[in-house]
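Before we start, here is the structure in question, set down as structure tokens.
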Amino acid sequence: MSQQPISRFTVPDIADMPDDIRTRILKVQEKSGFVPNVFLVLARRPDEFRAFFAYHDALMDKPGNLTKAEREMIVVATSSANQCQYCVIAHGAILRIRAKNSLIADQIAINYRKADVTDRQKAMLDFAMKVALEAYTVDDADIETLNAHGFNEEDIWDICAIAAFFGMSNRLANVTNMRPNEEFYMLGRS
Amino acid sequence: MSQQPISRFTVPDIADMPDDIRTRILKVQEKSGFVPNVFLVLARRPDEFRAFFAYHDALMDKPGNLTKAEREMIVVATSSANQCQYCVIAHGAILRIRAKNSLIADQIAINYRKADVTDRQKAMLDFAMKVALEAYTVDDADIETLNAHGFNEEDIWDICAIAAFFGMSNRLANVTNMRPNEEFYMLGRS
Amino acid sequence: MSQQPISRFTVPDIADMPDDIRTRILKVQEKSGFVPNVFLVLARRPDEFRAFFAYHDALMDKPGNLTKAEREMIVVATSSANQCQYCVIAHGAILRIRAKNSLIADQIAINYRKADVTDRQKAMLDFAMKVALEAYTVDDADIETLNAHGFNEEDIWDICAIAAFFGMSNRLANVTNMRPNEEFYMLGRS
Amino acid sequence: MSQQPISRFTVPDIADMPDDIRTRILKVQEKSGFVPNVFLVLARRPDEFRAFFAYHDALMDKPGNLTKAEREMIVVATSSANQCQYCVIAHGAILRIRAKNSLIADQIAINYRKADVTDRQKAMLDFAMKVALEAYTVDDADIETLNAHGFNEEDIWDICAIAAFFGMSNRLANVTNMRPNEEFYMLGRS
Amino acid sequence: MSQQPISRFTVPDIADMPDDIRTRILKVQEKSGFVPNVFLVLARRPDEFRAFFAYHDALMDKPGNLTKAEREMIVVATSSANQCQYCVIAHGAILRIRAKNSLIADQIAINYRKADVTDRQKAMLDFAMKVALEAYTVDDADIETLNAHGFNEEDIWDICAIAAFFGMSNRLANVTNMRPNEEFYMLGRS
Amino acid sequence: MSQQPISRFTVPDIADMPDDIRTRILKVQEKSGFVPNVFLVLARRPDEFRAFFAYHDALMDKPGNLTKAEREMIVVATSSANQCQYCVIAHGAILRIRAKNSLIADQIAINYRKADVTDRQKAMLDFAMKVALEAYTVDDADIETLNAHGFNEEDIWDICAIAAFFGMSNRLANVTNMRPNEEFYMLGRS
């Protein structure tokens, strides 16, 4: 029960990484005060690393009607459904910060149906869970329910894409045994 | 999204409760600094309240080979499998305190298979999950696996009874919409 | 295939039990003509025995709108969903007697949706099954459905608590390999 | 809650049935003292009726290593997994008679893993359940397990075919709301 | 990875089969240009063979409101839900031919909800899937939905019986490792 | 039942796309003779399009021990588990071509356990299915099983990443109602 490594697979040294990847990692470190382990674990495959973070940024940093906190709600709910330690812990922290709410991440991780969210956010998470768990049943009625809550075509694409992308991320993290940095556990709690 | 009440059902005033129940509650309040909502929500039914806490104490406060932290691990794993907001939050706090480990509760709630526990504790939680989710399949092989990890007949009864009791508790909390006190979220984290 | 013992765990002699427990057991024996095995199996843990039966009596013997037969319907449906030999057999017998209906217990055990129950009882069992199998999804709409069938707050609590309590009981029985007395199989059939 | 009809669909009069079907039904009535409802419900479709009972007889009346009681064990376990009121009740009765055991049918219907059966019969029922619930996963290892319990190629075919045939029968009975004759509930119990 | 045999069980020589079975097989061969393996695999049990094909013909060749293509749609959807290689491949071919549509079989096999079928056919397949996967939940509301799409009592029986019969067939094929003739893969595609 | 559009969402004109995307699409068209609809559907979001295909190419075109046919086997098995019409049809075609085997794609889509694959490929697909359906249970024993079949760390990462990436792709396709080009159905069949 000694502390587990951050990945089941070998992790490259920052010094040996391609320049663009090392630069990105150092920039994150500067901003956050530590290097989130996902950067180190995925750096083992530079091309996949670049595509992964390009995709991530395209979904999470783009403008749109979903607030940044709402996007993180989707991430936390999806990651909990997929039982992903790394993503629930790391994105739970980001959600707390973005929502300025120290309780919301735990609530969504445990049972989003009981969390302190609006009806509109509840509909958003219902749909994200359908994407995560049984996307093959999504039909026109789901779209209409979302429309009735004010989500337009762009918003629906965003919810779907975020749930789908983090479904991928959760699988990578679970197979690699990716371990969250301890810093994440406390971030945004006080 | 204004704050939800602590129960879907009416909650009695402490002043109106039977003496023994009020006394117990005040004693908890004195010790903890606040009254955990489970006491208030269940007090609506005094006989059930008394039986519930008598059962709880018989399982959680008794001597035995399972440490108090291990018993709370079972509670948190079971409550997470049953998606119970109250119990994951409240017993997560107790687990952090009992285990003197600020990370373990979140790890077990998200995916106990990836948590920093010993092999013996992992076997304990595997069995607790079988009790929680498909007790009808428990057979001699499960008992032998537990024996091989050093659990005796008393320990196995304890694991089973704790997972079964909190399975009941989780159902009560989910149906009543029982809400954890905010204090629990931060307890044992620093 | 020789007859199985009544528990996987050791069972105390009646003579060695604490007085209050022995007294209760002898009283049951006097009334029923035999000692239901659940008393013997659980007596191994006196404090848990006392809490278990106090809880049982608080739920099953209390006054309320649910008839005694209806409470047993909930027990049989829950116990069948949890594949519990002891509880389906023993409470099936009690249900036959309470409902004065020799067919109803088997019908509910096999598929409560096809049993000869009223629409109101069908709604009661639908909710009990939701509590037993996915209590984390219970929401306001479930409560409204029950209200529409005439169930008030007290009744809903009763349905929930009975399904939750016997969910615990079913798990204990399945792990202990608790075996019903042969007498139960025929009770209430003629 | 007045007594339900024996089928959701219209049921022909015996007088109007084709001669061979009426003859078969009268012969069963003479032997059993009543006409099991399955004959009446299926007679609505004479060609399907003939094929159904020809198939039934080919599986249940043929010589072979599986005893008649063992074949009925498969039927009861399968029918319980499929929650079929008609087949659990009717074949439960036949199993009690064939096994000269008044308890076995209820035990198998509730949880075959806990029933008083031999290890060989347990392996037989494990396989039947795999056929009933996830036949697509059956592989060489399952066949080897059965061989190790003394089942040969013919026996394995029998187990499979009985579980598959009654899986069909269970679906017909569930959709037609086929209702068992009350006589079945008590047969073989004393 | 050398080619697998057509059955896990021994397959009789055509020359050794009973006359009526051999005659039927040769007639099929004359019409189709090859002997579908299901005939050879099932011929091992002549009485079961006769009942199986009598049942098959009673359901698939009878007059009725369901077109022959629609009956094959039910077969393909059911067989895909049961992951049956033989039936998806062989009946996929028949569906392509009967529907004069080279795409429809693959679409239904993958996800019938997204296939190019009418709303009426979608309702038919929804019901067939309910029969295949959870017939114990079928209730009046399902019948009313089918009625609203124009299906009468005879049609509903047909949908149910076809889904139930092929559920049996799928189980036999999966356990026997029944292998489809290569000819089926290409039939009806051009 | 008129032909469905290629996406539930609006699809941009090729003329209006950013240069790099239009160039990529025209190059694919030149090579394949048609534009696979996935390019058109995803082009609605240029940044996500670029990340998606960069990721795709990093996984599917990179050197490694898994053959290109084996990678497509993983895609088809995953896409079938996720019931994705677009990916099963399009990647089924690519698999037939890469494996030079006109039967293998349908076999894997229906039930990969019964497909004509080697034991090593079967282990690869077992793991891919675990990643697709329950990645949270992946543990050391799975890695050891793969090692025993000759898969090294790089190969295991590849299997995981392909199953995870296409799990994302399947969800996007199911929510957008992405429709495969008709050309794919026949490719590689003759």
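The chains carry the letters A, B, C, D, E and F, assigned in the order they are written, with residues numbered from 1 in each.
Here, a residue touches a chain if its C-beta (ideal position, glycine included) is under 8 Å from a C-beta of that chain, and two chains touch if they have at least 3 such contacts.
Just so it is clear, the model here is predicted, and its values are computed rather than measured.
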(message) Along the graph of touching chains, what's the shortest path length in steps from subunit C to subunit D?
(response) 1
(request) Tell me the angle, as a multiple of 5 degrees, of the rotation that maps subunit E onto subunit F over the C-alpha atoms. (result) 180
(request) Report, in whole Å, the distance between the mean C-alpha point of subunit B and the mean C-alpha point of subunit C. (result) 23
(message) Suppose each chain is reduced to the average of its Cα coordinates; what separation in Å results between subunit A and subunit E?
(response) 44
(message) Distance between subunit A and subunit D based on Cα centroids, please, to the nearest Å.
(response) 51
(message) For subunit B, give me the residues that contact two or more of the other chains.
(response) 83-84, 111, 114, 136, 174
(message) Let me make sure I understand the interfaces: which chain pairs count as touching?
(response) A-B, A-C, A-E, A-F, B-C, B-D, B-F, C-D, C-E, D-E, D-F, E-F
(message) Taking the touch rule as given, give the residues of subunit F at its contact with subunit E in the complex, in rising order.
(response) 1, 3-4, 80, 83-85, 88-89, 102-103, 106-107, 109-111, 114-118, 174, 177, 182, 185-186, 189-190
(message) Taking the touch rule as given, give the residues of subunit F at its contact with subunit B in the complex, in rising order.
(response) 136-137, 139
(message) So in the complex, the part of subunit C that touches subunit B is made up of which residues?
(response) 8-10, 44-45, 47-48, 50-52, 54-55, 57-59, 62, 82-84, 131-132, 135-136, 138, 143, 153, 156-157, 160-161, 163-165, 167-172, 174-176
(request) Spell out the residues on subunit B that touch subunit F in their complex, using ranges where they run on. (result) 111, 113-114
